[in-house]
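The first chain written gets the first letter, and so on, giving A, B and C; residue counts start at 1 in each chain.
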């Protein structure tokens, strides 16, 4: 019997794309679907997904949980858990459209939640940590239930299929957001599980990733010391947790996080191009967070509340292109995915390995 | 000029330098052949030992060589700092043997001529055989 | 004795056609195996004295010598092997405890040899270390739990004391006394040139070697030989030796005959007295006592030097390591049962302790399960034989390795396992001046440097094949390992999958 995602580690190649309006203009989901569809050959129909930011303005103060259920029993058990920990402001099935290429769908539900003040207080955790632990709890403990999106005013939509079909299935043209990312997957065997598709999300962090990191188990075994459970055995999952850990828990800036996970080589650190203070900091990072260095090929787009970040591994073993046009910034595995939705970009460039591109909303 | 020196701290008195020297200058081509049938080719290096100090001695290639001065036939000469003996001109008078302050000039097996270290320039060894063969790096060829 | 109950293990074979009777073998054998009979003009050998150190074989200019197993055999018996029978005869003769040296040579499993490494194919690229940067620098020491910020919002980059290694290999503890001064000098100079560390062992630090202090780990063992303020201050780190893989639970005994002037000065004991290291530290009977010694040493060194605690790999090593990690130590060194020694009771060496591979795997996992892996670095020792063993150790979770036996091999040791006799023909495990001088440190240190350079190259090749370009991404990366021919339980302890999975 084939093992599903999480029981076995499945390497995969991929396509990624994303864009953001720095002015916060809301753009329809159909545009990101069009972009990723141009890289059809970089996926093989075994996983596609999207993340949209600013798509739930009417519920922007609530955590939006998107959950896959294998059965009604799993749903009942999960909802009992949610009721115990949250004030459920709204719940519904996520609207979908039947699509001939998208089959075997699980039950897909959406909840807008506020943590119960009493529960939150007794947990002695800050609100985001409380929510994150609830997500990890559900995913780890409740069989047949999987929270795949859990941030505020954002949402992840993913399935087994080609990304353009997944976009239609979730009716993404009906959503609008200031930033979108997309992922098309090319796994090397059949996962057949929707949770295994990407983006991977925790709170408002989402990651789309192309690559196969060779540091995986070193990263995983480190991050699991801090309460994370890498159930899916995917790169994307562990990279998301690394960002969450360094950004949310260690309060490090995204620029500094890039210097940890795609650390400059020692030869570069010693080359004289950095100030003494900066050298000291880089050495500190490479010592203290040595186990979070990510090696092997990767290109990732991180989505977060108010921005996007793109990063390549330090040898740039995976393609990634960026472009700018007015207030828009585009990022994709291939230039065609950008040209498809922005034929007249002001500037198109290929960011260097380890050099992050961080774009945030102008008013943030 | 590079000369052969010995560091007594590391000389083990294993006497292997003598055998490597003798074999290299025997023209036999191999150690076994050089000593085959009880032959005892004479080395141009000699290990002095005793009182816990060991020292391999061979020609110092002196700047003012008494042996060359005293040579009655001009068989001994200095070329580029290396003192060597032209055996076709040596008559075996042993003046040099007596005048060498280090006792580094030896007499050939048949007693007809003298023999001395010429830094293995004349044989096919390429580098001094004693230096190459020393198991402890005690004999070195270097500029001092 | 009129009856020879047992026969020599080896036989010296001399090819008389090749032997030129230069007598180098005779002059170089401290065991007096070889001699020249002038009357008969022949070299003769007394195999009974031979320990198979290969010195004569190595220097013979005509390759005339070979040491072979003695073909003489007792009647075959799968239970009572010839070795066991011989040991009974010896003990019946002497009434003494059998002594041995170097690591456990018995046929227990070598887990390194049952673990295979991964390489990249198709889905991610291997990296060519000749074309791309490939990094092997590591830091040993505690890591802060959380990033601290200064008042101006910048990161506070102050760190607890740290050792920085150019490559994750160090020379393990071998005392001056158990090995010679020239061996120590070779190790010290090599460590300095390589940017790594060597370890004084428990015999103090010779005054000539204080200059290598920045690359020296000074050891404090139960005998406290040579420990004083300058000694602690000289080193880059201080190691508390609680145990040794070759003889867990056993102390040490350097016979008075080896306590010559220099050693007596370095160890700070009178000449000619036996140097006895008690089995326990008599001020450490429990973990809380260890904590006190750790902090005493930190106080003594103004909290500027990391403290290492070295233990032998025994059955409950994971729990012990966890206790040490909470005791304030910065680094734990674990020594497996194959670890070397200058002398150990044979029964202890061959029957006590556990394999380092299993100990390492369980310690690393336990510290992670408890969330305290960053409190300490892990250094493993006890038969790391090649760069492949280093790579496997790091992938299992070690930060670095200690090598002892491999370093001695580089200096000429042929593992004759007779260190306890003090007649080391290679000038390593001896204090006899005529033998010590056989190890020329100018040669010795270069051979050590060569060895580590060679391993470093090989480590880079193997990492590159796995698509890893820095050693930190290899550490604890057990997905890069697969077992062959191991049981479920062994795989579980090692935390790896079987090949094919």
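Convention: a contact is a pair of C-beta atoms (placed from the backbone, for glycine too) under 8 Å apart; a residue touches a chain by one contact, two chains touch by 3 or more.
No experiment lies behind these values; they were computed from the predicted model shown.
Across the two interfaces under comparison, A-C and B-C, the one joined by more C-beta contacts turns out to be A-C. Of all chains shown, C has the CA centroid lying nearest to the centroid of every protein CA atom.
For chain B, the chain with the farthest CA centroid is A. Once the centre of each chain is set as its mean CA position, chain A and chain B turn out to be 79 Å apart. Chain A and chain C, compared by their mean Cα positions, are separated by 47 Å. Between chain B and chain C, the centres computed from C-alpha atoms are 44 Å apart. Along chain B, no residue makes contact with two or more other chains. Listed for chain C are no residues, as none touches two or more other chains. The touching residues of chain B, when paired with chain C in their complex, are 9-10, 12-16, 18-20, 23, 31-32, 34-35, 38, 52, 133, 135-138. Interface residues of chain C facing chain A in the complex, by the touch rule stated above, are 120, 123-125, 127, 132-133, 135, 137-139, 143-144, 146-147, 149, 154-155, 157, 159, 162, 368, 371, 373-374, 397, 466-470, 472-480.
Residues 9, 11-13, 188, 211-219, 221-222, 224-226, 250-252, 256, 263, 265-267, 277, 280-281, 283-284, 286-288, 290-291, 293-297, 314-315, 317 of chain A touch chain C in their complex.
By the touch rule above, chain C contacts chain B in their complex via residues 17-18, 20-24, 27-28, 41, 58-59, 61-62, 433-434, 437-438, 440, 442-443.
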